[in-house]
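Common to both upcoming complexes is subunit A, partnered first by subunit B, then by subunit C.
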Partner chain A sequence: MIRRDEFASIANNGLWKQNSSLVQILGMCPLLAVTTNATNGAMLSLATLLVMALSGAAVASLRHLIPHEIRIPVFILIVATLVTMVDLAFNAGLHGLYLVLGIFIPLIVTNCIVLARVEAFAAKNPPLHSALDGVFMGLGMLWTLSLLGGLRELIGAGTLLSGIELVIPGTHALRLLPEDYPGLLLASLPPGAFILLGCLIAWKNWMEARAARAKRPPLPHSPSSPAPAAAGPQG
Partner chain B sequence: MIDQPAPYLLKPASVTRVMAQVLLALVPGIAAYVWWFGPAILVQLAIASATALAAEAAMLGLRGKPVGPALADLSALVTAWLLALTLPPIVPWWLTVVAVLFAIVVAKHLYGGLGQNPFNPAMVGFAVVIVSYPALVSQWPGISGPDAFAAQLDAILGHRAGLDALTGATPLDHLKTALKLAEGNGSVAAVLADAGIYGPLGGRGWEWVGLGYLAGGLFLVARRIMTWHVPAAYLGAMAVLAGALWLFDGASFASPLFHLFSGGTLLGAFFIATDPVSGSTTPRGKLLFAAGAATLAYLIRVFGGYPDGVAFGVLLMNLCVPLIDMYTQPPIFGAKAMAELGRKEGR
Partner chain C sequence: MHGPQPPMPGTTPPAPAGVIGAAAMARCTALILFVFVIVFTGLLAGAYRLTRPAIEASAREEKMRLINEVLPPGSYDNDLLADALALPATPELGLPDGGQVLRARKQGRPAALVLEAVAPDGYAGAIRLVLAVGADGRLLGVRVTQHKETPGLGDYIDPNKDKNKAHPWIGQFAGLSLADVPASGWRVKKDGGRFDSVAGATVTPRAVVKAVKKALDFAAARGEALYAVSAKEQP
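Presenting the complex of A and B:
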């Protein structure tokens, strides 16, 4: 089956280390267009997660049968089939949300992150691993896009989770800032998505730099770190 | 007295001295502004300056740089003043704060601070607020003496109820709207004669503010704070373009003089497009950069949806600066001969 450390590595890669939006910077088109609120970001990520998990499993199962030379068209065909299924399911189950997300559900086919994981991971690993990879890549996208969408609607309009009534009927959006908050429209427009994504990437880099510093405290007299003089002329 | 024999070296102007003279050069324009439109602009300048200094100090502190010398170089104040002068003086105080914060924090310090920003910080701040709050940024005050100050202050503090009495369309905006409403039957001359907001050069009042900027700008050119290239190319391109369309169809296009003295043309030509950091650095590049910025500004203000295009023109040309600079490098003295020599020796 799957070893514990393999699972941990797949989870860590998807959620943080190779996060699709913050590190690989893939899937920018839905990121710009859809994350105008947390609901849309989360739901599109869920659709992508579903596609990635299923396509990972499907491609991994068929990986020995697919001729290497035409693997990309075959992958796209598999992904497109799965996207069509998800698209139809959204249309049937969450019609209101389907109208909001519109073209971006069918466009999951062209989302680079799907093809990237299929090509880089599922084509070389067993089905269970590949499905998990798809799930965790999707979860990584989920938290990033939800956070980005939440920030954008909070700064742009002062609300959180607007459009939630399309997913869970009877609920309504939270209004976190006072009614007369003027809203920074820029945050709701595509440039706002880019600026906030930049801030999130900076935050992630800062977290990692801090963690790296904490791991290696500067110890000038430690024997494990040779003094500059000992490094000699090779330096 | 110099008590040494030649040769002498000219001491390079420090950033502080340059920036102080730029601020000084803005004073005539500001004085005309206060005279025609009331002291509200002074309040905005104060808000913008305080925000800029606080943001600059905070960002320098966060970046672990010495705060004192960088604050004293006055560059943050120049950004703040230019930004306040491009915004309507009766916008609510928080709008000015948002614009200045964006200019200093995002456009200046996130790109590396003074000397590193690819985009003109003041214009980035302006673009952010005109995109985010188009209604507030298009409410300009009408001509008003000091007696309107109380009402203007009220508007700045956020009470926008009695605002209609204060505001009037800017000449550029009024002309565009009037021509559109006339649906091809109106003419520029009729509009200009009809409404009471136009003067002999541009808009009444605004033409004096423009003359103030012109005087300050000429002072800067005379002091060699900047070269003649950018203002000349900016105003020249604007005049040529406006003149060509005016000669082609004088009924639907305003005269070049009107365009030179309306909106942000003179402020843009002398104070904004001349930014040494985000603008082009080579002489030919400066001409191209300024002509491009003026052309875009004219196209946006006449055919576009925004009341003026100076900010967008400058920002779009900022984007082209690396390319312009690459293709307009002046030849190094002797480089051609060296290349010739190299080719001969190589053979």
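Presenting the complex of A and C:
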């Protein structure tokens, strides 16, 4: 079983401290391409979450059987099999959305975050921990990509959750800004994703710097003490 | 796929000398990899078999949904997808690699042709269209199936993206025929024709109008021959 503090640490790592998009800056290609709205970002994250949870559990269960020298081909084999199964399941169950996400589902194989977590975490930890690590890494990606997608479509077109009807038939996108909002094309195009991602990273670093300042009381008689270093992107 | 690899210096923990030879270990590693490949290939094959019926059904449904947008469902009574005719390379429709024509019939008599067409000269590459031409030469409907036009600018040719929901741009074509509109009318208004366009994005509608006109010419010239060939006769 899993201890409470282990659970908390895995959750915190995935959601915030080692957030795949904001800290590790991994998976930029799908991030740029699919976050044109919140729905696509959320659905691709869910597919990635599923792959990461399953591959984490699979690799962790098999970790004593995999010789060290061939671990990378075996990991890729496991991840690629799971991605193809998720791809087939999407195609069968959510065909409309499958057409939108298209090539990006098979490309989950090449998303470094999946292999990175398998190699860095699942190869050294028990299955339950590894599956949870995959789930929380995926949830971290989920909130980041949904927020980014939501911001992009809100600024770009004034709507939220467009394309939701492909996931839940009968629903429709929310129009948050007035009908005559001209839209800001930049936000819908890939450069807009980079600019907004930069803003999100800056916001996260600012939050962390503020938290670090609050934890460490200002030292007396040292007005020129260096500010606590903000957590920068790693990797 | 992966042959036996000699253990690379530095990557493997040193094996107890003399217990097992390097060659035996490589064979063992290769065997393990082979077993993994077999097991995961089996899993994939199973997933493929399980999802295939659903995937085929949703592909059919998707195709019918598109066809029903250009062709009123009550206007024919045959099984459209079964009455398909493969076209050889057809430059008139912008299909250098050939395509497909569906024949809609009512009580055995020709009702409409569902054609694919490609406008090669969109602002950002080819625009794929599907259109239905009635047996009387009237356009029943046109839809864009694939395009790369600028989001928010040229993408109004897709009724889902068109801001004018009541009268989407693509709806202008419905009901027109070569008899109603003289050859000079098959242009956007800016070029002296009868079709509207949005200021600042004229290249896109120009390409679509041209492709629709060419498809109508094709249907007029070849329509009767296309209805006559039975689906079984085709090579």
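The criterion applied here is as follows: the second predicted complex is superposed on the first by the 219 of 235 C-alpha atoms of A that agree within 3 Å, B and C clash if a C-alpha of one lies under 4 Å from a C-alpha of the other, contacts with A are read in each partner's own complex, and residues count from 1 in each chain.
Here is the rule we use: contacts are C-beta pairs under 8 Å (C-beta built on N, C-alpha and C of every residue); 3 or more make two chains touch, one makes a residue touch a chain.
The structure presented is a predicted model; accordingly, all values stated were derived computationally and were not measured.
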item: Dominant toucher of subunit A (residue count), subunit B or subunit C; value: C
item: First, second, both or neither for A:L99, with subunit B first and subunit C second; value: second
item: Which superposed partner A:L65 touches (first subunit B, second subunit C, both, neither); value: second
item: First (subunit B), second (subunit C), both or neither touched by A:L186; value: first
item: Which superposed partner A:I195 touches (first subunit B, second subunit C, both, neither); value: first
item: Subunit B and subunit C contact sites that coincide on subunit A, given as residue numbers; value: 183, 185, 189
item: Complex contacts: residues of subunit A adjacent to subunit B; value: 182-186, 189, 191, 195, 198
item: Complex contacts: residues of subunit A adjacent to subunit C; value: 36, 65-70, 73-74, 77-78, 81, 84-85, 88-89, 91-93, 95-96, 99, 156-157, 183, 185, 188-189
item: Of all residues in subunit C, those that touch subunit A in their complex; value: 1-2, 5, 7-8, 11-13, 28-29, 32-33, 36-37, 40, 43-44, 47-48, 51, 54-55, 58-59, 61-62, 150-153
item: Residue ranges of subunit B touching subunit A (in the complex, touch as defined); value: 94, 98, 106, 110, 128, 131-133
